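Each of the two complexes below includes chain A, the first together with chain B, the second together with chain C.
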Partner chain A sequence: MNTGAAAEQLVHRELVWLVCGIGLAVLPHCTRLPVWIPLLHYCLTLSRLRIPVRWAQQQAVTLTTLRQLAMVAALIGVYSHYGTLAGRDAGVALLVVLSGFKVLESRTPRDFYIGCFLGYFLGITNFLYTQTIPTALFMCLVISIITACLVTRNDTGKQLSIPARLRLSGALLLQALPIMLVLFLLFPRVPGPLWGLPRDANTGRTGLDDEMAPGSVSQLILSDAVAFRAKFSGLTPEPDQLYWRGPVLWFSDGRKWTTGRGQSGRDPAPMNSYGTPLRYEITMEPTGKHWLFPLEMPAYIPEDSYLSADFQLKTKLPLRERNRYTLISYTNFRIGTDHPAELQRALQLPAGKHKKTLELARTWRQESNTPGQIIDRTLQWFSREKFYYTLTPPLIGGDSVDEFLFSTRQGFCEHYASAFVTLMRAAGIPARVVTGYLGGELNPVGDYLIVRQRDAHAWAEVWLGEEGWRRIDPTAAVSPARISEGIESALPDSIIDIPLGLENNVIARDLWQRFNNIRDAINYRWNEWVVGYGHRRQIQFLGQFGMGEADWRGMTVGLMAATAVIVLCIAVRLFGQRSTSADPAGRAYDQFCNKLARQGMVRHLSEGPVDFARRVSISRADLDQDVNRITSLYVDIRYGSQAHGLKSLQQQIRKFRAGYKHQ
Partner chain B sequence: MSAGIVLERMLPDQAGVMPPGTGTLQKQRVYIFPTRQGITFACMLLIMLLGAINYNNSMAFVLTFFLGGLAMVCILHTYHNLAGLVLTGIAPQPVYAGETALFPVTLDNRVGYQRYAIALDQAAQRPWLKTWQRVSADTLYTDMPARHLKTVYIQVETTRRGIRPLGRLKISTCFPLGLFRAWSWLETGQTCVVYPRPDGNRPLPPATIDPLEDQKGNQIGTDDFIGFRKYRPGDSTRNIAWKALARGQGPLVKRFDGKGASKLMLGWHAAGHTQNTETRLSQLCRWVLRAEQQGIHYGLAIPGFHIEPGHGEQHKHLCLRSLAGYGLA
Partner chain C sequence: MEISQRKSDTPCMPHELDAVIAAINRIILGKGNSVRLAIACLIARGHLLIEDYPGVGKTTLAHVLAKVLGLDFQRIQFTSDLLPADILGVSVYNRETFSFDFHAGPVFTQVILADEINRATPRTQSALLEAMGENQVTIEGETRPLPDPFFVIATQNPSTQIGTFPLPESQLDRFLMRIELGYPDNAAERELLKGRDRRELLRDVVPVLQPHHMISLQEQATRIHVADALLDYLQDLLDFSRTSPDYSNGLSPRAGLAILASARAWALIHGHGHVLPEDIQAVLPSVVGHRLQPVREQSEGAPVKPAEQLIRQVPIP
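== the complex of A and B ==
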């Protein structure tokens, strides 16, 4: 027993829990924040645990001044690092710093609660960066600890041990789980953001963009991140057919290739397709950009997307959430028209650059009759001369194409595609650079292809008059393995995520591969059904129950009803009187007592059945007969070993009504 | 039983004794409302939800809804922690004005689970809006183990003599998360008799020897047995006729001839010259205590009361209660 005055004081054990809870919520941010911010946070929170209260009270004025100075300094620090205090990254940094100060100055229960809520909030900010299963599990731990914090605060009598508090917090969360599921599934989702996303909402996401400079694709090769996953309805095509088409680059400034502004028309060029159509679904990771990556060449496209004249498939809205698209493509096709303006664009070269390349192209043009001959000659040159396919090409200082073709001769797909298109244009053949992905890794567990960022690729398309635009992959001339066996064969092991020491062991490698496949299959499902559960997926999900047409009103009603049912179930479980008696007669008698208790006649702990019956008889003469009969029967069975009366007792108790009889 | 707080009202029997478990039971409604922290929590959830919608972040939705579910579950648990408790108010011991009155309240947890942090305090007369969230400094917190009976004492400072009612009690709890407070109002009907503060330095008036009595000596009348009379509360147990009781004749007291007993009537006018009633009552209170201590047979003669001389603990309390109630209703 203690008093309210004592309850207004924060005690050490509460603060320890709070510091732990918030500290864990901040932990995943450590890798994303400048090192001083989490360090400051931990210093502040830990020092709160060390400062003796009395000393802090004596030095209150000095400490407050110091704290305010430190806070201003920290805010300036955050501002100078990010250039702003708004947005995702700066916002998180600010929250981490301020929560540290909040814990430091916690004196009243109110501060304590604010600290706990900041902890919850810090937990949620982690999901702005990553939504993987491990993060989710870690956040479960964080919120159960912060919930245990609240339990600790409210356990004024300090009756609960640490495991008991954790158990209680876990039990509360477990009971909250079904409510969470219902809310998650039925809460009406809206397709777009409510207001503008901060500019940094999508940074850190790697992917192809509308420009390509030497090194931009090879940068992606280092990334293990998944670009998209593709599931074919029929057979999966051969690896050398898996060209996933992305941005098409027309314009070169001598070093960088770009799409060129606003020049690709919206109407796709005519396309003749041959052979069997391939039907497949791709699940795009959010990129914040518009491109989808269809297999060359798409014939059927999803609703909210369009094909440009050069067959770039773009969505109308940027890809903010993980989405699935159904597509149909033909691998045998002929595309393009001899649109003069377009062909003119495909011959553009930066003025006054690539002199040696132009010279070489001019000689080849004089010596050859057809564009086909020039192409063959170029590819042969690439394969015969000492050109190397490497991820770490030497740095090119001067003219990027000249230097690559005539001196370094070591490059990655973007170097070859860029040099090849420059050569073609110089020789008078319209050509353009196409970026996208090549290949993909088959996951036998889920029977789908995973295309990662490291499968990024660049190739060329040349205009061959009657044949239309034809794909030429100059990388194939240098490293055929890249095309037929994927990027893994063309790269050293260190690039691919294989743990050290397993490189040479075939079985271990195999197991590792299988493990990875299972892991990715789980992630695929997780991403599809949990992380990717948005407006579209919700409609799809509700459609399975014949509620596909449900609008937000219907969903809200359903949500409330389902939540009410769950809350009711928990309430019944919680308040339901469970008999603690082991024998059937005792259970029946407990039931009898409950009926009386509901009428306000509660049996005392120390009260025997006979005494209780006497007391009931006095206050409720109308029940006198029933109560005495049942009690004497019970006493006979319980203490007189008269087992045969049990049936009768149970029956009588079932029939017993304690309420007032209305005449 | 689980639907509310049960208040057990004790009706004293004829001897003024209140055996537990015989009172009438009254069901009191339990209310529940978010605390200030709970409202802050709800605001935080709203911000989280807006963020989740804006970023279209599924896991943010998950966490927000998880915490929302937690709050809903918390309502049930907070209610569960309080509902079904049985309270009994027990008559408090009289105190002298200026002392702290202790009102014993028995909490009876008849269910198989423990209850934590049950707060008991006197409900101020302010509207509930002002009191539902504040915990005053003298709120009592107590834990109730499963199937356990516990008595807590509500402390009330007294300033004036008289009858001090406990008034409305508020029993509440915020356990387990402090986001909600469940509470109930209870009118236990307990009153505490507050005696006047013993004060004043006038000497005890001289005892008068009853002129009708034989003037032999000063011994207290315990010598000659003169008969029986019916037992009255306050009679010394030494004088109870145990043999008669054993024979089934009921409690009788042996009477002795009180020859030579000094008797003292404490009168209103002797207690002070001033018109201040309270000062007089304080002086009378002190005299009663002193006379009791000195073994004098004393009586009380104040306006409205006339108590025959007597002696013993019961007699003392009778006198003091008369003083406490002087002039009140």
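== the complex of A and C ==
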């Protein structure tokens, strides 16, 4: 390796490009990796640029030993941080570290090429984390820079400037675009992920869960992340109808509500629906959990999901990728009786807690005749007494319900729902907490609703005998605006980020809102057509061209046919270079050269016509006469002072056949 | 029409030039291209610089050129103590006529071989170089014309050798071409070793041309047709040398004229009725090799010859 010829050594400029390309590919990982890993990578690659060649050769043995020791240490570091060397996170960490070492030891062109391909792969690994438009744009940049590395390496004349190299790399990538599109559209997609994602792929996502403690929903309110999008085929219902039903919580330990056990597995209770059905599609962001969030109440559910007894809609498999579901719901409904055991569970209270609340409930029960009266009284109490709806309630230390109802009186939907259900149960009315989302933001650009994590909500359902389960939203008694106008109006402005301190400027608010709408509409299309282009969407897309029935075999054939057509077009373009000459003789001569080029005899741009003719004569003695005659005529017209003969030249060139003569 | 006329003007010249080349090739073995370039240089009225290591036949080439072309010949061996007067001549007081007589120096001849020009001091070098530029010599206020044709064939050792004064760029520019001879190939070397002594052979050489032939050839060369398409190519070459970041300075307009004149001479030698791009490519390395400085790059591989790079990178329009 060290004795390689001088020309086989990498030059500094190539290494700078390589280091930049790989460094950019690693950059987005910095936020996801422990800080020492990217740091080590950058130290290694930058030090490769600084090591003097002679010194490195003298100290080769020491350096190699050092490098190996450092690599073992880094491997141990990665292992001790992740507990494994496999999986997405550990794998990426390993790749980042080792690519640093690869650059450090790069000596030969072979190392350089490996470095470039490592760079491409490092770029791809970013898509394991995020598949947004900015990521895709950034990766385009990374890929064009790494391609420019390859351009630099093969720029034997060393005559290209930096912008010229980037331009060339961009042109190369643009030329690859048709093939890329064909591969994207026609490569057979299988339903479900192509390979099992590692376990850690879905951790750390925010979203509703099967338990609710004070503060768990208000934490979600801080998140701008999209929970799902919904598009109605008809009119979008009023905001106060948009209750998206999620986990139903039955069991309280005094502070935390959970779903409890045993209620699933039974069929849902019978439901009577009234009014017009609402047909809509929801596009769920991946949550790693099972819940779908249908509009209350769903009547038609997707195939791969089921309704539990308390009307939680769950998928059979956890939502690991963005998915779209078609549903039908009725906002006017009545869900009927159920198992007596269920009503029993809806009266459960933690033993020995909420003493004051129980006391209050007992008085109310004695003073009222029907459950309806108790409910009304409670809601009136909420709205008349000084209860506040706030995102930042004071911390509650002791008995969460008692303290909330009788001292702090500041809370969020979860506080109200939990206190209300506790009161109802104490008064002997079966009740349960329902969590989900309320409302959503209508995006006029795409005419769909965006439901974000900050729309998370909790409300209550009480059992009213004949009437069945009825939804009561105690938050409405405290903050009616939250229900009718959405979360933004119920919360202080600081929740909605408006940059540059323009919160109070109406026009700025409006513009910002519109900008966000457009941005989300673009994202929606991106998710729908690029990220979400899976099996189903592929079939749907190909169906437009009458290929809806195509299976993977058909697609493969189509893929190959389309690729062949593209390659053919490129070949025709390459060999049929259009003449750029303004001179008619020059144009005719270019035509002549094209004919020879098709036979593999390509004239170099700086090769003179006589030299070229000599070369052709040597390799193809059968063309000797024709080529020399045409060339000398051309030379006389173009470089001599001969003015006539152009017609003859054009005629001879038209007749000229460069193919092998069959004799 | 024009072409055929022109061809009839010079019915036997290419043939005679062939005889010249053949005669030289009998002495200088295996260096056909260098010999043709040297003759082209003379036809283009240029001075020739031969740069190579000692013993490859620089001096012999200069000798045989002068002899075959039938021109007067003087040789000046440049040394570090050579003075300008040694080249140009001196005025000596004549006691009989009570006046100063001018004793012409060796510069007053048709062909001068300035051997190892880079061994002399810059002062002496410039004395000769003035003569080359102006075709005249000014001594003690009196201007004396030099004979026509007037050629300087200078030889120099590569300046890495010890004890040399490298010619500055402005003076290198006075030479139309710089050529290298290089070592002979295997067959030529064998023939050289087996053959007779070169000096003896040189003595036997007879002139092929008369001095006025050379002047006629020079005139014919200036009349060789140059098409617009060829000028386009030449201008592209000049432009590229000026805009490319690879050269520290581009080619001057004088260099452009030098390329054209040399290409015309080359076309004449090869019997072309007009200048072809190939003619330019053939003379370009010798004409621009000493005028074009590549930008130095650290740690790059083998140095690329600037003229070859220029040819490769500029497409023929």
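Worth a mention:
In this section, the second predicted complex is superposed on the first by the 550 of 663 C-alpha atoms of A that agree within 3 Å, B and C clash if a C-alpha of one lies under 4 Å from a C-alpha of the other, contacts with A are read in each partner's own complex, and residues count from 1 in each chain.
As a working rule, contacts are C-beta pairs under 8 Å (C-beta built on N, C-alpha and C of every residue); 3 or more make two chains touch, one makes a residue touch a chain.
Being a predicted model, the structure only gives us computed values, none of them experimental.
Touch criterion not met for A:L141: it reaches neither chain B nor chain C.
Ranking chain B and chain C by residues of chain A touched puts B first.
After overlaying the two complexes on the shared chain, residue contacts for A:Y113 are found with chain B alone; chain C is out of touch. By the touch criterion defined above, A:M601 lies against chain B but remains apart from chain C after alignment on the C-alpha atoms of chain A. Looking at the shared chain after the overlay, A:D583 reaches chain C, while chain B stays out of its contact range. By the touch criterion defined above, A:V567 lies against chain B but remains apart from chain C after alignment on the C-alpha atoms of chain A. Contacts of A:M180 after superposition on the shared chain: chain B is touched, whereas chain C is not. Legend: residue contacts after superposition of the two complexes on their common chain; A:V557 is shown touching neither chain B nor chain C. Residues 6-7, 157, 159, 605-607 of chain A lie at the contact with chain B in one complex and at the contact with chain C in the other. Of all the residues in chain B, the ones that touch chain A in their complex are 1-2, 6, 20-22, 24-27, 36-37, 40-41, 44, 47-48, 50-70, 72-74, 76-77, 80, 83, 86, 108, 110, 112, 114, 116-117, 119, 121, 135-143, 147, 149, 152, 174-179.
Those residues of chain C that touch chain A in the shared complex are 2-3, 225, 227, 229-230, 244-246, 273-278, 281, 297-302, 309, 311-317.
Those residues of chain A that touch chain C in the shared complex are 6-7, 9, 11-12, 53, 157-159, 161, 581, 583, 586, 605-611, 635-636, 638-642. In the complex of the two chains, the chain A residues touching chain B come out as 1-8, 109-110, 113-114, 117, 120-121, 123-124, 127-128, 131, 135-136, 139, 143, 147, 150-151, 153-157, 159-160, 168, 172-173, 175-180, 183-184, 187, 189-190, 192-195, 197, 201, 320-321, 530-534, 563, 567, 570-571, 574-575, 577-578, 580, 594, 597-598, 600-602, 604-607, 615, 619.
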